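Going by the order they are written in, the chains are A, B, C, D and E; count residues from 1 in each one.
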Amino acid sequence: MLKIEKLETYYGNIQALKGIDIEVSEGEIVTLIGANGAGKTTTLMSISGVVPPRSGKILLNGEDITGKAPDEIVPMGLIQVPEGRRIFPDLTVSENLDMGAFLRKDDAQIKRDVEYVFELFPILSERRNQRGGTLSGGEQQMLAISRALMAKPRILLLDEPSLGLAPIIVQQIFDIVKKINEEQKTTVFLVEQNANLALKTAHKGYVMETGRITMADTCENLLKNDEVQKAYLGM
Amino acid sequence: MAPILDVKKLRMDFGGLRAVNDVDLYINEGEIVALIGPNGAGKTTFFNCITGVTKPTAGDVMITPPSSGKTERINGLKPNTITERGLARTFQNIRLFQNMTVLENVMIGRHPRMKAGVLGAILRDPRTKAEEKQVIEDSYEILKKLNLEMFVNELAKNLPYGAQRRLEIARAMATEPFLLLLDEPAAGMNPQETRELDDTIVRIRDTEGITILLIEHDMSLVMSLSERIYVVDYGKLIATGVPEDIKSNPEVIKAYLGEEINA
Amino acid sequence: MNSTYFIELFLGGLTRGSIYALIALGYTMVYGIIQLINFAHGEIYMIGAFTALIVSGALAFTGLDPVLIFLIAAVVAVVWSASYGITMEKIAYKPLRKAPRLSALISAIGMSMFLQNYVLLAQTSDFQPFPELIPDLAFLDPVSNIMNTTQFIILVTTAVVMILFTLLIRYTRIGKAMRATAQDKIMAQLVGINVNRVIMFTFLIGSSTAAIGGVLISSHVGQINFYIGFIAGIKAFVAAVLGGIGSIPGAVLGSFVLGLTESFGTGYISSDYEDVFAFAFLIIILIFRPSGLLGKPTKKKV
Amino acid sequence: MSDTAKNGLSRYITAKDVKRSAIMAVWFMFLTFPIMVIKVNTVTDTVEWRWFNMLIIGVASFILSHVWKLMIDRREGRMADAVSSSVIVEKKTLRDRMEEKPMIKKVGSLVILVIAVLFPIVTGMYQTSIMITALLYVVLALGLNIIVGLGGLLVLGYIVFYGVGAYTYALLNYHFGLNFWLALPLGGIFAMIIGILIAIPVLRLRGDYLAIVTLAFGEIFRIVMENWNGLSFGPSGIANIPRPTLFGLDFSIQQSTTLTYYVIVIFVIITIFIVRRLEDSRLGRAWVAMREDEIAGEAMGIDMWKTKLAAFALSTFWAGVAGVIFAGKTTFINPASFTMWESILVLCMVVLGGMGSIPGVISGALIITLLPEYLRAFSELRMLIFGAVLVLVMVFKPEGMIPAIRQKYEFKGITGNKNKGDK
Amino acid sequence: SKDSGTIKIGVAGAHSGDLASYGIPSVKAAELVVEDWNANGGVLGKQIELVVEDDVCKPEVATNTAAKLVGEEVVAVIGHICSGATKAALGIYKDSDIICISPSATNPPLTQSGDYPNFYRTIAPDDAQARLEVDFATQTLGFKKLAVLHDKGDYGKGLAEFAKAMIESDGVAEIVLYEGITVGAVDYSAVLNKVKNSGAEAIIYGGYHPEASKLVGQMRKKGMDTVFISDDGVKDDTFIKVAGEYAEGVYATGPMDTSSNTLTMAANKAHQDKYGEDPGAFFLNAYAATTAILNAIEKAGSTDYDALTKALQSEYVDTTLGSISFDNKGDAIGVGFSVFQVQNGVYVEIQ
């Protein structure tokens, strides 16, 4: 479904991605783990078109989307929960959710979906009329994920969704990811620091170091891998 | 001796929302204490009240700096005054001076402990010169303590995330606090880095004698570090105690942990 | 001093306020979306007025009904002002999206000077009489000494435009997109919004209102030159800030408050210090409400 | 993208470009149609159609749109080039070399100093007189740069403080016969006091709100000066302000102009010296912190209020001093010299040159004051060109002509000696 | 320079910017006079050369302009246009013994203070004009209640102050309102309400025509028929053009009508021939000033300062303003002001 070939991305004159190849098949959950500053966020931003790559190719459903603007890519069903949450600070929780459904026109269904995410995260329901900017860190994270769900993504990119969440919620987030993957056949590309959970949730995993993919395998294998265990699982 | 931080019936209202609800909390010198609780429980707000970023609606925040032993009420003071008194903090969303170097970030932390004024800056008298020289050396020492010396001349924004978190701690330490407040220091770190952070915090307490209060969602870190834990939910204190008790407290499990942890 | 005098001053202040409001609306919209004090906004207003003047002049010999000429002139003015607005955005502001904010401000100042002198050179530096095309409305006759037709039309237009804008921003898709773009351009893109198009649209409608303002105000004042945009622009900007820059009802409220302050200040104290009243009032308001009358507090959560 | 960049100007003009330019030409012909082509006289009801203008616009925009495209490509290309060159060859700018070899810097400064000293001797009174005006603006721009460039606060009413300085000298001289030399520090101090008084209530305002309030203060100052005849003699101003002389001697205009020139040169040097030292001090660092993140700065124990106030006080002082020199130079002042437009002009100098960069700000001030003076020939087009230049410089050099490279503290070795460089 | 082939005359004033329309006509006037003289062999056997410098009416620029003209070694300057700029420049000319004749700087102290012995002007000072306005309003028209308004500017406020002082000392009429209006304001309804409320029979306005036309227009639209009396800043055809029908009946003082004078007709015609339009403000004054200085050079037989001073103050010369000379303060003798009224779209001299 998503295919990345020899992707290279720069920030000014700093090269953040040094030719990476990634493949995500339809219906899969694929995770990307790696140390801080490895280039995970950059990879996601390149895919979404926010930071256009300098060379390489990105194919979505076989269509070349390299260099396209985000507003051309997003309507193809590719939605991202970005790093730092990027909640619209002056919009209320409800309005933020509404914004997630910007491209949708099925108002009735949108309403039902809002109720659905409120069920998933009751605290958001309690805070529905509060401005996004004043939410606590974790509440914002839940809102960011919910907002992405509102778009009914075909492929969902998640950048460290568990960051700043209470343990009980972390577990819940991964359950949700699994659920939408199974029930709605949403393809998921997951960037995580919590490698343990990520590898347990995903089907396939990539390991990234300083702008390069250093390992690619099924999650079972990666979990067993010595290097991975040492570097990312803290064992 | 009186606790170095003694918070009594602290309350913070935002409109109709009571984010902190009559919380009592104290810390003795040399302790490492954790404040945990579900998202939106009011932990960061609690920090903000103590450090003067927001003015609490009610309650008292008393400090007793070990150096002077004098107890003082600090609510309502400006953040910079509180920092001068000896409380320093880090932020949940990293707030480094992005376009300054690592060294400069720490030098800013030295600000309240320096004296040079406008005249000193212009005339550059020997005292100012000596002070400027000293501040660089001091800052470098602090960086070494947090294993940041290899980044010394990097711009803060170019640092990896984990290093940025450590730099926040270094910068806060530069203000020579007796109490350091850390808001989710391990967020965004991988397990390996978290373990290093664990060591660092213990080292800060042991060698610098800085008392520590931290907010954290990473239970492995919380359980291994802290001597006592406070748990808040909906702004209210729901439990306090040593890690062993908290781990198995059913209310905490229900509200926060989700399952019993065996870290 | 009697109550008629008070009412006269009040209505005078209201008209003046709605004049400011028509310009302030565009200011505030552009500011809201790209946080740029668009110094050249006043020039768009001036170009609107000039275009209308030229069109009505060129149509004068056709012997068309003056009202029709006025409407044609107004429409043409709107179309051209909007075109100037989006062209200006593309040339002078778009390349500066990522640059320091002050650079965009200086670019706007440069644009303002350029447009002023462009009109000065292409047309004239002299004041030009603006034709009186709007016939007097009969029902205003009894009160014509305190409110004439143009004043009335200006008031009504301001109210209508403000309501339309508020509805637009609050309830339409493009309004939603504008709000999102204003707050976080990257995230706006990530929910599928074409940020460039939204910004262009903002300039388009902001410039259109400025043009409407230009036509109406010039009809009211009866004369224009290349420099009218600068002074009106500054006042409108002050009004927008007074109301809370970025807020649409704020811009209108700020404009009325400013207009009334000036009117009463002049009427009951002295017109020597007319602008001092306006500016002093602004300062006092901002000291007590640092983000203007209806502005949102800018403090962010820590 | 990098291909186009590398070939730069020599790249082919493709059919696509031609089409684009043609569209541009049509668009601009449409856009400028009413204003460029039609000229009406509403009194005599005559209409003049100037179709030739349309032709000119068409041709000009066709050509200019090519140039524009190339320049934008180059601008983007520069970034790309910077990447490749950082790997392959280090391109060295004059500035790099200067940093490496302090000698170049020293010799350069010396040469500039010598030129500055000889200037009035070599050139005539006219040149000296213009140069004084230019240097007055240099001091103003350097002063404003303290608030705007270093402190990160936007101030749109800076000229007030210039006015306070000028009026201080004019009035104290008129009423008490105070001489120029005493007025010099007094003007600065008065401006500083007014600056602090203005700053106290408004410093908690953020960003553009602060800007507009200072603009308001600027206008209030001017209007009060226009109206309060008892204080300021209103719009007719104060004439016959004495030019500076030395030791009570009678100076010819030529001599006192030269003297004024040296006074202002000395002040430029002092300002540069002080601004440099401030930048590189505890206070200077606090300013950077304030610019970067006020909340974090406060958490680090910086009193933001004091820090802002210091920026205001230091900045306004220079404006006051410059004001005194201005009054001594023109011998006549009235409120019309202190309009908002002047404030904006000084701001343009700061940003155009490069905020926070001393050489940038100086060249900004010199260019903005001297260019129009020497471009008298184009008097009609002058302001049009000036406006266009502002836009173009900002679009193609958004950081200003000589962007600031902040002096960074660098740690070199354990001895902790500070070495400032711009790596 | 003084010894070389030409005699240089400076022309200084606002030639660009918003006040350019007051300065450009004087350049054209000087050019026309000089062309004329040069065609007839120049003066003292030398050709005359003009050095034109722009001061945009700003004092600080005027000092630079003056320095430049001094450097060019001009013997005299026609200008400057604005009083403030003139004051700033005069000191420099004085120091270099250069004579300065302004066609338009009306500020009284320029001549009356005695500070500027090298200054002359071919226009009556503001106080003379104010005198005329006040007499006209109180005696000719017999008004008892007057509103005095001004534009807060150098010229307008100066005039208004004189008018105010004169009305007060005359004691014939009462000032019911004295205010400065704001230049460029979008409307003047508040101040006009105030005028109405004050019961003023007439407004004496000191300022320029753009504000005047706005004031008059709004006043008439409000149905107020208060008489409007103003100054030579308003006695400009642009005023009538812009104010249109509302201009009818407005009074303005201005230099006496000399349009039937043959010299004046010739000058106006020369302008028409060369530029295809009627001359602008202060054209005739500048024409007269140029004529006067050239005449003085010729009469003095040299460009020496003292000789020129003597010639200017003793010799009468026929100019576009009539036959004029200068008194020892520098004001022109023989230049007078009249009151004009807009009648059927043109200014008609009525007194």
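For this structure, a couple of remarks:
The rule we apply is simple: contacts are C-beta pairs under 8 Å (C-beta built on N, C-alpha and C of every residue); 3 or more make two chains touch, one makes a residue touch a chain.
Remember, it's a predicted structure, so these values are computed and weren't measured experimentally.
The set of chains touching chain C and also touching chain E is given as D. Central chain assignment: D. Criterion: smallest distance from chain C-alpha mean to the mean of all protein C-alpha atoms.
Summarising the inter-chain contacts, the pair of chains with the most C-beta pairs in contact is C-D. Distance between chain A and chain E, defined via averaged C-alpha coordinates, is recorded as 75 Å.
One simple way to say how far apart two chains are is to compare their mean CA positions; for chain A and chain D this gives 46 Å. Centre-to-centre spacing of chain B and chain E amounts to 74 Å, using the average Cα coordinate of each chain. Contacts with at least two other chains are made by residues 44, 53, 91-93, 95 of chain B.
Residue positions of chain A with contacts to 2 or more other chains are 134-135.
Contact with two or more other chains is made by residues 152, 180, 241, 244 of chain E.
Chain A meets chain B in the complex at residues 14, 33, 35-37, 84, 123, 127, 130, 134-139, 141-142, 160, 163-172, 193, 195-196, 230-234.
For chain C in complex with chain D, the touching residues are 31, 35, 37, 47, 50-51, 53-58, 60-61, 76, 80, 83-84, 87, 91-92, 95-96, 99-100, 102-107, 109-119, 121-124, 128-131, 234, 237-238, 241, 245, 272-273, 275-276, 279-280, 282-283, 286-287, 290-292, 298, 300, 302. By the touch criterion given at the top, residues 48-50, 69-71, 74-75, 79-80, 82, 86, 88-91, 95, 98-100, 102-103, 133-135, 147, 151 of chain A touch chain C in their complex. The touching residues of chain B, when paired with chain D in their complex, are 51-53, 78-81, 83-84, 88-89, 91, 95-101, 103-104, 107-109, 111-114, 116-118, 120-122, 124, 128, 131-133, 135-137, 140, 152-153, 171-172, 174-175. Those residues of chain C that touch chain A in the complex are listed here as 173, 176-177, 179-180, 183-184, 186-187, 189-195, 296, 300-301.
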